[in-house]
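The structures come next, written out as structure tokens.
Shared chain: subunit A. Partners: subunit B in the first complex, subunit C in the second.
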Partner chain A sequence: MSKIFALAGVVIKELYRRKDFYVLFVLTALLTLGAGMVNFFHDDKIVRYVKDICLLLIWVSALVISVVTTARQIPAEREARTIFPLLAKPVSRAQVIAGKFLGCWLATGVALIVFYFFFAIVTGSKEHFWPWAAYLEAVWMHWVMLGVVIAMVLLGSIYFAAPSSTSTITIIVVGGILLLGTHLKIIALQQPEPMQFILTLFYFVMPHLEWYDLRDFVVYDMGLVPVGAVLLATVYAAAWTSIFLLLAWFGFRRKSLTT
Partner chain B sequence: MTAILQTQKLRVEYRSRDFRQGNKVALNGLDLEVRAGEVFGFLGPNGAGKTTTMNVLLGFVPPSSGAASLFGIDVRQPIARQRIGYLPELTYYYKFLTAEELLRFYAKIFGLTHAETDKRIAELLKLVELEHAAKRPIKSYSKGMQQRVGLAQSLINNPDLLILDEPTSGLDPLGRMKVREIIQRLKEQGKTVFFSSHELGEVEAICDRVAILHQGDLKAVGTVAEVSAGSNNLEQSFLKIVGYQPSSVS
Partner chain C sequence: MLAVLFAIAFTLSAKLALPADNWSGRAKSDNVFGMMFGDGRKLFANHFFTMADVYFHSGYYPSVFDQRATEEKEIISASHGHKDSEEDEKNEDFLGKPKDWVDAFGRNFRITQHTHLENHNEREILPWLRLAADLDPQKTEIYTVGAFFLREHLNRADQAEAFLREGLRNNPDSYEILFELGRVYHDAYHDLDRARNVWQLGVKKYMTAPADQQKEDKLIFEELAVNLARLEDEAGNYGAAIDWFHAAQKVSPVPDALQKQINDIQKKMAALIPVTPGKLY
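And now, the complex of A and B:
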């Protein structure tokens, strides 16, 4: 396990020594500060509207950070040939995949905490209301969902040499799931066969990332999601993460590094 | 003496990108044995199969057939690499890390304790004369400094076997001297060194035994004196073995 943590440590160091995170944080911070200022109008609906925009921005920023950071991990190791001195050490390819995943996931978690904390402080200071439990639940579900996305990107990065290809494909897939996931079954029912069967099948086999979006709970103060549901969602995400990581390891294990 | 590096009928074939051509044979049934405590030179012209052999030994490439082992353990097991150090021909390190961070990272991979790690890092930075730059990112280093970091990382676990891929290629005379001194010092400590090189004079000076590979086949193996028998020196013997015909320039 110490090898996996060592690998994760390098990923985290790389992230905070690059500028991506800081640029996205400054952009999100500026817009979140904007959210704090709208309360001058004492209009709850406007506050909610801007909170919604800020959370959307946090979702977009977190998705970009996690996808871009993860997509370059394995290709960059291969391109810079740092993979050779690394694999010449007593470390397996499975440990490399696990270390990369853990590093990206932890780094994304840190970014999420910073984003949500800033959001909570700014909006709470204007509303004088801090639903910390709801925020924690929202952060946890968001982070767990990003675990699935990171594992998916790692899998893609084994097969696509260019990080830009992996990033684009993943953002389209994740965006598609988040936007259409809930409606897919309804859309399927409106289709003739065999499209209805195909879409229904797709609905049941795809990872339902949209379940992890608790923005409405935060924006409209809808209270907490039952703990049992959060636990089930966590297990569901862990299962999908494991499947993607296993497939990534299987691909990486067979990957020739010298061509 | 015990063989700590061994290959048996090792064969590596690469699939040709052009399906009309057959597979390319990079290694053709290589039988090699490197014994504990010796400095072993691995020679051959470009494309002979030296790097392929090293790639198999380091687990980068699976053999098509045959076997390779380090310390009696199949090279496909990561644990086979616990007691080795590897220095690639060029510097391939995380440029955003400092030399100290890089060495600490690799020490963790080898499972060294904190105390051992601190001691080894201090010793190695002194050995490669990088104490003054230990906390600077590697990206700010000169080429020579980066190569010295490479040497330090290859020794972090105090390896019993050091695998060096053309260790002096691209180094200035001082750097070459340093590498030779280190190889000598490791030999005196009873360590085994397996290295590929095109510098035949250097090989002649420091190797106990050499092997010459040509087009994937092992052409000669033995002490420098045995391989050079019938020729004036190792270079002439090498050229004869690989079938070099001096061409006349008109």
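And now, the complex of A and C:
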């Protein structure tokens, strides 16, 4: 376990040494503050559009950070040939996968905390209201969802040729699930066979990442999602994360490490 | 070489600057969105207007994939004084029963209650209306809806009037905007004379509109005529009030209800006619 944590520590250090997070955070902050400063009809109590814009930027930034950070982990180790001394420690290939996953997931978690803290400060200063429980629930669900995404990217980075293709494909898949996941059954029912069967099958077997998007609950102050549902969703995400990690380990075990 | 290239670039830019202005209508646009997006901005305007309706429902809103019985945005019907009946509520339940376990579980993470903004929270739709108006200044319902919520729910008659005046500058022949402006003068400022003038101007604009547009907008004419009738009734000009009600009857889907109001005014008029004194001696 200590080896996994050591590997994770390296990944976290890498995140705060690289500029991706800082650039995205500054961009999010500037756009949110800019939107917040606009005055509509001389009414300074209007706040929901600021929440909406800020949360959208946080979701996009967090997705980009997690995907880009994860996609280059194993290819970079192979390219720089640091994978060989790493595996000679000795560290098993399963531990490499677990360590890389944990590092990326924790690093994304740190980034999320910074983003959401900024969000709470900006919106709270406008509406003088801090629903911390709702924020915590939203952050937790977001983080759990990113766990699935990170595991998916690790799997992709084993099979795809370059980090750029892994990142692009994952962002398209995740974006597609987030946008269409809820409606896929309705779309399927409008299609002729065999497309109807294929889409329905995909609807049932794909990871439903759209469940983890609680932005509407935060923006519209709709209270909390039942804790039981959050726990079940967490178990569902853990199952998908495990599936992707196992598949990644299975692929990595057989992979030739020479480039 | 560099100097020659720079000279060519400068000469060409000076020569082509004027004709380039005529290649596209964008440069002539009077706002920054028009310049950036051209006519494509109207698509964004529609989206932002829909966003205002989404906010009015606190996120409970059908997507393009969902079926919904009514197509009209509720912020528009609310601005015409429409209140949801039980039947309307049923029609707006676009989710229906869960289709499967994925849908059923997923509803824990979606807003599934049909609510409308209230208690001054209606202000939250205003940014989207402002953006929509900037993107498509010719879409008159943006101004009327915005002004309705500013006046009726937020007690900001001054802002409502300013927004409508801006709309009127962009759409000088809009009787919808004139009707809403009359409501600001009548309901918020209680200024009967200005309300009368504005509504009468609205009727005049309606009468000069093309016949097919008149047919399409006959309910707006009815609203103008009925409000003018009530205003005249309020001012004690019963004859004029009856005339306006008669005009409204011609286009109204419920002429009998208007007849009842005419009868009430006639009763008031009868009560006012002085009794002729008989011979005292």
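FYI, the second predicted complex is superposed on the first by the 247 of 259 C-alpha atoms of A that agree within 3 Å, B and C clash if a C-alpha of one lies under 4 Å from a C-alpha of the other, contacts with A are read in each partner's own complex, and residues count from 1 in each chain.
Following the convention adopted for this analysis, a contact is a pair of C-beta atoms (placed from the backbone, for glycine too) under 8 Å apart; a residue touches a chain by one contact, two chains touch by 3 or more.
Since the structure is predicted, the reported quantities are computational estimates derived from the model, not experimental observations.
Participant: Would you check which partner chain A:Ala6 touches, where first means subunit B only, second means subunit C only, and both and neither mean what they say?
Facilitator: The first partner, subunit B, only.
Participant: For A:Pro90, decide between first (touching subunit B), second (touching subunit C), both and neither.
Facilitator: A:Pro90: touches subunit B, not subunit C.
Participant: So, does A:Ile187 touch the first partner subunit B, the second partner subunit C, both, or neither?
Facilitator: second
Participant: Between subunit B (first) and subunit C (second), which does A:Met222 come into contact with in this model arrangement: first, second, both, or neither?
Facilitator: Once the two structures are laid over each other on A, A:Met222 reaches subunit C alone.
Participant: Which of the residues in subunit C come into contact with subunit A in the complex?
Facilitator: It is residues 55, 58-59, 63, 65-66, 99-100, 102-103, 105-106, 108-111, 113, 123-124, 126-128, 130, 150, 154, 156, 159, 163 of subunit C that touch subunit A.
Participant: Which residues of subunit B touch subunit A in their complex?
Facilitator: Contacts found on subunit B: 14, 55, 58-61, 78-82, 84, 86, 88, 90, 92-97, 101, 105-106, 108-111, 150, 153, 163.
Participant: Flag every residue of subunit A that touches subunit B in the complex, lowest number first.
Facilitator: Result: residues 2-3, 5-7, 9-10, 13-14, 17-18, 80-92, 95, 256-259 of subunit A touch subunit B.
Participant: Which residues of subunit A touch subunit C in the complex?
Facilitator: Residue positions touching the partner: 38, 40-43, 45-49, 141, 182-183, 185-187, 203-204, 208, 210-214, 216-217, 219-220, 222, 225-226, 229, 232-233.
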